[in-house]
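Letters are used for the chains, namely A, B, C and D, taken in the order the chains are written, and counting of residues starts over at 1 for each.
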Amino acid sequence: MSHPGYTPSEIMTIEAARRLSNGTVCFVGIGLPSAAANLARLTHAPEVVLIYESGTIGAKPDVLPLSIGDGELAEYADTVVSVPEIFRYWLQGGRVDVGFLGAAQIDKFGNINSTIIGDDYAKPKVRLPGAGGAPEIASNAKETWIIIKQSPRTFVEKLDFLTSVGHYEGGDSRQRSGARGAGPTAVITDHGVLVPDPVTKELVLAALHPGVTEEQARAMTGWPLKVANQVAAIAPPTQLELVTLRDLHVRTARAHGTSSTNE
Amino acid sequence: MTDKIMPLADAVRRLVKDGQTVALEGFTHLIPTAAGHEIIRQKRRDLTLVRMTPDIVYDQMIGMGCAKKVIFSWGGNPGVGSLHRFRDAIQNGWPNAVAISEHSHADMAGRYQAGASGLPFSVLRGYVGSDLPKHNPEIKTITCPFTGEVLAATPAINPDVTVIHAQKADRKGNVLVHGIVGIQKEAVLAAKAAIVTVEEIVDDLEAPMNACVLPHWVLDAICEVPMGAHPSYAHGYYERDNAFCKEWDGISKERERFLEWMKAHVLGTPNHAQFLAYAGIR
Amino acid sequence: MTDKIMPLADAVRRLVKDGQTVALEGFTHLIPTAAGHEIIRQKRRDLTLVRMTPDIVYDQMIGMGCAKKVIFSWGGNPGVGSLHRFRDAIQNGWPNAVAISEHSHADMAGRYQAGASGLPFSVLRGYVGSDLPKHNPEIKTITCPFTGEVLAATPAINPDVTVIHAQKADRKGNVLVHGIVGIQKEAVLAAKAAIVTVEEIVDDLEAPMNACVLPHWVLDAICEVPMGAHPSYAHGYYERDNAFCKEWDGISKERERFLEWMKAHVLGTPNHAQFLAYAGIR
Amino acid sequence: MSHPGYTPSEIMTIEAARRLSNGTVCFVGIGLPSAAANLARLTHAPEVVLIYESGTIGAKPDVLPLSIGDGELAEYADTVVSVPEIFRYWLQGGRVDVGFLGAAQIDKFGNINSTIIGDDYAKPKVRLPGAGGAPEIASNAKETWIIIKQSPRTFVEKLDFLTSVGHYEGGDSRQRSGARGAGPTAVITDHGVLVPDPVTKELVLAALHPGVTEEQARAMTGWPLKVANQVAAIAPPTQLELVTLRDLHVRTARAHGTSSTNE
């Protein structure tokens, strides 16, 4: 990729943020989803409602949380409820518009793995942290977005473990499975954006970041990637977006004493 | 002053026994680290450790051989990465084999709620399409007698002992939990016995009317342990020690360095105050 | 200021329709009386009225012909006695026949919880030996898939509209409920639409971190109605009007006097402020 | 009955209060149970824990509540929780030592009716307020006490409606039914105290208030009342008990603008 004055991580965060409209209720995962959601809040969507699974509703952190339960999230929230309440009344109760997730692996139907790498659950090659709240976010939010960097190791033909359901086996299989909501409606990567085909539900490359080619995206996908007839060109970051995101990371680094990006 | 207020070492000695099911809870906030260290000092073995989010303190307990099984929904060092000792136990059986029972957050929360509610099971909309039920016989289904919908059902959790950390207790032993309250109330009420470590013991809790208060009569031991949640935080008292959480990654990576650190810092100190002093924390 | 803040008459006009299932909740405290009066003024009919504790305001709504069914767990005038209009409807079908679906408190609370939780049913340890299930087909049983225990199961409640009263809202429409919070949060979150009347609208809720706050985006209408809970009370604002509760026993005993009183006080006044003035309350 | 300087209502309240020991966790019904429980708190049991179903835990009202949700209960409580929480975590969770109930009718096994009078549920002679929390209190507290005035209309051979289970059909039928706890261990009346036979679980007259005879108690019971071999004599009220109870009623009347007894 060329070096256009911003990183792939930045454009992917910015593109994700752009999609979050004002007033949307977003159940936010830690890391990239949290960065994108807060960037949206600090730019075009001041009234976006951010919910973290630690029970913070309407969180307005001044710096990005390192963990899902940072005090920063509680301090400026509209209210702080218990963990069972956040999952029961707010997520399972159907109050969440967008569930915003990261993942270790994703397949072509937007199913995700955050449990193990390797084909033996009892003896994994790599033990990942596990499900957390992802299975219920994936099956209860009105729609889900997944933000993940593309590579043949993350975009796989077959997941080592299906932790959280996306469009399951494609077609109407998600609906038949009993999951609620529309499932993954966007997968935002460092290459562009994939959206499900309306019928087959297979992820299709629908937009590319500036300077990224279809071939690059294909090379970073572990299955034969379908490409939309019209691939949209994602606009480069505006000055406001870039400055706001970088300021956020600088503030975060200062507060946490860590490096200034979330990579 | 109630006789339930006691030193942490006494509380662990009296209430935590080998082979028990023990939950140390705290959702990123208010993690009962000091209590975990004391369980390590007293060399408890064969514990079934329950915790939604095993992190550093469980990494330490597992690495020091306290656990035979871990029941959890997310295991990691938040914002840093993996738990090396937890992984080493699962992948290589060091220092001993550790079984796991893996759930999702909503499920674990519901299981504690069922335990606190005197119900044998919890119902949730979850695990649709997920591989988790294939590897966990504790995740079953149940059919709604009204709509015919099939939902997930899992058994209640009722720990032998739950341990939490909170901001303060009054002299009767009533406890106030403030801020991100997590799953603590449910974990305490689900348990047969409960230990609470607190930042301080005060004359008056000054709790707002609808605050999360645990009355003394549901608790068995209340222990004053300032900074007892470190490297986690106590809202209104101190911040999370992010530097230590990062440092833990290095300390825990190799078995030898881990053991050395634990021997010097935890086994080598008689209590949490001495641990903090030795580690140069605040 | 959000456009969800509106006069109560507008909220009822827009959101409460004939034939709907409507819950006015408030457990002795914060009963939404003014909203009940407005529903009477607007002559809603065939409502299925849900409420754990039907008391004066439901007596009034039933007596004025708003209800075709009442789902409840305890119906009475607390500290005083019977609800004469409720009894007259059940026993004599006046002014119209009213069906009942009778539950226990824990069951009703659980049904609202299930509704708020997106679950189709609620499980409880209850009704053992009781005759209630014989008369209520909504009370069934369910078997624990782990222990084989048989428990009671009842369907979720999801009202078309829930109406509650609270102390205050801010200008965005966020609401603070304080004191005895009852079943209000669950009743609101279980509903398809929610109306909240409040004592006052303020710049800053000043809510403690773990207080019972309902964010504006789960509400459809917020209406400033001072003393909107009278003769119930609003903690921090005014006390329960026990004299009125006793007086109601006399007013409601005979159909004619009841109708006269309602015509003069409720139908004859355009809103709650005028009602209070006419009735000489404060 | 003679007029020994106190009313039957007073001695029954006082005798009920005496049985409540310090530190007991008592789930309190409104009316006579509440009067007795608060009398205990104001005399020998300052640390008794009173829970009302409105969610008030450790309530310490200065005057008796007229309703189960009076502000007085919240004002001095240790904590105030929601109604679902009080029933789920505290009652059903097994945290209540004594469930203290009133009733409209009781049968010889301590089952109670608070639903209807008459034999047709659809067309009752009298519609009573209904179950409230009584069914779950009766089946989840470690034991229950019932306070009720004796008369052939209240102490009946057969209930018009079984609202809340006591010893069900006697013997071990309660246990087999799935109810938890020991069931009714004492029925405190204006005549004396009845306790269940250890085997048959039928209520047996075990103690009489001063000046009350077995015959009077029998006459006020709608079934052939069994009497213990040794019927205890209940001590008359002490000055402290009587003064404390009357002060409580006077304070209550002043606060509520009602008559000074709870009859």
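We adopt the following convention: a residue touches a chain if its C-beta (ideal position, glycine included) is under 8 Å from a C-beta of that chain, and two chains touch if they have at least 3 such contacts.
All values reported here derive from a predicted model rather than from experimental measurement.
Each step here moves to a touching chain, and the least such steps from chain A to chain D number 2. For the pairs B-D and A-B, the count of C-beta pairs in contact is higher at A-B. In whole angstrom, the spacing between the mean C-alpha positions of chain A and chain C is 41. Centre-to-centre separation of chain C and chain D, using mean CA positions: 28 Å. Shared interface positions of chain A, i.e. residues touching 2 or more other chains, are given as 74, 80-81, 88, 92, 140, 180.
Shown for chain B are the residues that touch two or more other chains, namely 113, 118-119, 124-125, 149, 179, 181, 185-186, 209-212. Chain D makes touch with chain C in their complex at residues 30, 53-56, 66-71, 73-74, 80-84, 87-88, 91-92, 111, 115, 121, 123-124, 127, 129-136, 139-140, 161-165, 168, 174, 177-180, 256-258. Against chain A, in their complex, chain C makes its touches with residues 113, 116-119, 174, 185-186, 189, 207, 209-213, 215, 217-218.
Those residues of chain C lying in contact with chain D across their complex are 27-29, 52-53, 72-76, 78-79, 82, 86-87, 90-91, 102-107, 109-110, 112-113, 124-132, 135, 149-150, 179-183, 185-186, 212, 233, 235, 239-240, 242-243, 245-246.
Residues of chain D that touch chain B in their complex: 23, 25, 49, 57-58, 74, 77-81, 88-90, 92-95, 140, 180. The part of chain C that touches chain B in the complex is made up of residues 118-121, 123-125, 140-142, 144-147, 149, 151, 153, 155, 178-179, 181, 208-212.
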